[in-house]
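Chain IDs A, B and C follow the sequence of writing; residue 1 opens each chain.
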Amino acid sequence: MGRFIIRRIALMLVALWVVVTVTFFLAHMIPGGPFDREKPVPEAIKKNLEEKYHLNEPLWKQYILYLNDILHGDLGPSFKYPDRTVNDIISESFPVSAELGFWAVLIATVVGIWLGSLSALHQGGMIDSVSMFFAILFISLPSFVIAPIFQYIFGVKMHILPVANWGTWKHLIMPALSLALGPTAVIARLTRASMLEVLNNDYVKAAKARGIPGLRVLIVYALKNALIPVVTYLFPLIAAIFTGSFVVEKIFNIPGLGRYYVTSIYNRDYTVILGVTVFYAAFLILMNLLADITYALLDPRIRYE
Amino acid sequence: MNNAINMEELKDKKLWEPIPPEEKLGAEVLTAPQVTFWGDVWRRFRKNRLAVLGLVLLVIILLFAIVGPFVSPYPYDKQDYDAILMPPNIQHPFGTDYVGRDLFTRVMYGARISLAVGFLAAMVQLVIGVLYGGISGFMGGKVDEIMMRIVDILYAVPILLIVILLMVVLGPGLVNIFLALGFFYWLGMARIVRSQILTLKEEEFVLAARVLGASTKRLLLRHLIPNAMGPVIVTVTLNIPNAIFTEAFLSYIGLGVSAPMASLGSLASDGVEYIRTAPWLMLFPALTIALIALAFNFVGDGLRDSLDPRLRR
Amino acid sequence: MSLLEVKDLRTYFYTYAGVVKAVDGVSFTVDRGEVLGIVGESGSGKSVTARSIMRLVDAPGKIVGGEILFDGVNLLALSEKEMNAYRGKRIAMVFQDPMTSLNPTLTVGFHMMELLKRDPSLKTKKERWEKAVKLLQDVGIPEPEKRLTQYPYQFSGGMRQRVMIALAIALNPDLLIMDEPTTALDVTVQAQIMELVKRIQEEYHMAVIFITHDLGVIAGFADRVMVMYAGKKVEEADVFTIFDDPLHPYTSALLSAVPKLDMDRSQRLYAIPGSPPNMISPPPGCAFHPRCPYAMRICAMKQPLLAEIDGREVYCWKVIKEMGVVEGV
């Protein structure tokens, strides 16, 4: 088990390194930026820039310096607003995104698993057909489509929820739901398929043949195994929700990291783009790692691959 | 069937004579009528109502996107300052935008672009994925191991972020988008193709063909590839809406196609600020995206079920 | 009183293509300590019979008629909870495929301990554990203490089947049903498992219903044999008689189809002509008649009556004819 974890961590570190490297070199290719040697820049500013970003050093040296900074957790100052560091920006806005994301994940997981299990147990019945129809529907609607529709219906027309901004629990509902609907559908379908597959397995029948009560068979034999793919999906789900939050935060004007990221793209705020990308990447890679470890914990067969 | 037995009946001597072959019933056990593989898939597909609905929807959308613009009386970029921000009416079924352009036409063009992006991106993913996965699976051994290690590492990389950065670097533009999408999202396809090839390599009919002396090339073409196609086709069908979403997403954050050309994503993005005053500007493009995705998902799901050998019949 | 009395059992499957009469009026008994072998092709209804006894028939199947008397109690009249008390404790079952019969995410020890909780004579965890160890030893698994902590994937096919047998006998059931337990195993492993089963049957004096399509296995183990075809019993007799003097044409055909060591190498292998019956619309009359070399007109019209001769049962018009009981025939 330990060896498995170490191998996965190694893989993830390589992936992270790939991201940082690619990001670094891409950032240096952004046209019109401070790294763009061709654009003429006023002398004074040029001096400042060169100092801060070591621009007069050869590229590979800048790269090493950058890696070094990252390892120390220093993502540098914002390019557009030099008196704020990227670290500050992240620590201010990430908690907002985290809160939003947390609720979205919670809703998606609870409702998804519940509906999925129900559908599997009553396969072919009313609940099953209706749930699965809506599931396909919501999978097809990305969060940035649902969000404005919600905004329009509940905010503009019905006036029961605030159209945008952040602050009270009311401001949480629409964005969280917009983010959660798609994933709920995916989890519901996943749970259902998994449950159906497990319920048909021989070991479930064998357990029943030993006289183990139905409810216990359901929980210990069926549900526990059926939830393995669902639990492991949880982590990429968290990743998906955070990416989805870019747009949702923009639509609802929520002061989260996603919105900041989007704005920084508009503004071509290079260091912020770089820094946030690295941060997000690290976060997402961590999620993947946790998913792998969880899967191995739950299913002993995987550990020995 | 009446099995009641009357002792008198039994005395009939004829009953006890050997049965002539013509009277033996049930000797010919009829199997199901012969169908070809694809014929069977189509038959099962037809039975699935959602899938058929999806297919119909798809056809309608394709007509809308391809034929529509030729039929529309308005060019997509004609600005008419007398008709700014008009709600849907007879002349402008989807309303007009902030410079008086007919939204209906723009949505049609947008659909065209989105579909093109989706389709082309999926094609690029298909080609790269099939090549990579096919070679890896077929060669096996060390080559396969190394190639898959690379895939494992790349899989762990959050591709969307890289694509975003790439778009920032390359700048907006149609070609850039579908290249970016195509070149980065082929991993899933490669894995599927490879696993199909691996399974099929072990299948007995490959062994049988080999025993009959089939050459490698023949093996590939006539045996391996047609059978591996199933999941590949399903994946392509489901990749198209994903590509469209990603493109819409990129447009939303300002990295999509450049004005005045518009994809559904950029149309929706532009429309967001008018949600209170002119909601149709956002709603119609968004709903169109949704319908396209819905159609492809229904069809993809239907195909997947039709091709699944376990669900036969 | 017999341990098990199955009377006119009918189990039908209601599929979209039609009704499959998987078990259509089957009756037999099993006494305490007796081994009954049930033989037949795939689709003959042997497995469904076994599952019906355990009341483990899944939709779209349904037990539609008959009685199953176990120690005097009609199992078909019990509630699900009452029936569950019988399963594992008084009637146990071993399935065909050992590779999938164990939950891959639970240790073998968990499987055993969970079951042993129902043994009132074992009061502490330690006692249950010791019993689990003893059971694994009984079925011939080396290093049982270590094995109990392992997961199913760490066991080979033969080992897993031994575990399944251990689970089946754990609560000392009166009746053990084995549904083709060796079919999925290698021939040498088959022999080992059969040795094990025989020993256990003798030691625990269990009644066993042994289902298989392999006559060779039956010959060395069963006391009596019941032959099934198309959901019905066609012949039943003690094992020696079945092999020495089969009456039903199907039984003879089955025996002829088994290759023998002393056959001439130039002899062709015998295969029963024709194909298994379509269970949705089986042939009228005797279901075997299309493939039977002795078929008479009556065989295509009416299902044969029961003929009891010297303590054996046969359902065959040819046998009835030869018995000379019908006037003038």
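The definition used in the following text is that a contact is a pair of C-beta atoms (placed from the backbone, for glycine too) under 8 Å apart; a residue touches a chain by one contact, two chains touch by 3 or more.
Since the model is a prediction, treat every value here as computed from it, not as a measurement.
Using mean Cα positions as chain centres, tell me which chain lies farthest from subunit C.
A
Of the chains present, which has its C-alpha mean closest to the combined C-alpha mean?
Centroid comparison flags B as closest.
Once you find the CA centre of subunit A and the CA centre of subunit B, what distance in Å lies between them?
So the centre of subunit A lies 25 Å away from the centre of subunit B.
Provide the C-alpha centroid distance between subunit B and subunit C, rounded to the nearest whole angstrom.
48
So, what's the distance in Å between the C-alpha centres of subunit C and subunit A?
54
Can you list every residue of subunit C that touches 2 or more other chains, as numbers and ranges?
Where subunit C is concerned, no single residue meets two or more other chains.
Over in the complex, which subunit A residues touch subunit B? Could you list them?
Within the complex, subunit A contacts subunit B at residues 11-12, 14-15, 18-19, 22-23, 26-27, 29-31, 133, 136-137, 139-142, 144-145, 148-149, 151-152, 156, 163, 239, 243, 246-247, 250-251, 262, 265-266, 268, 273, 277, 280-281, 284-285, 288.
Using the touch rule from the top, collect the residues of subunit B that touch subunit C in their complex.
These residues of subunit B touch subunit C: 1, 3, 5, 10-11, 13-19, 23-27, 29-30.
Mind listing the subunit C positions that touch subunit A in their complex?
54, 56, 80-81, 84-89, 92-93, 95, 97, 100-106, 114-115, 118, 151, 153, 164, 167-168
Which part of subunit B faces subunit A closely enough to touch in the complex?
50, 152-154, 156-158, 160-162, 164-166, 168-169, 171, 241, 245, 248-249, 252-255, 268, 271-272, 275-276, 279, 282-283, 286-287, 289-290, 293-294, 296-298, 301
Can you name the residues of subunit A that touch subunit C in the complex?
Residues 201-203, 205-214, 220-221, 224-225, 228, 298-301, 304 of subunit A touch subunit C in their complex.
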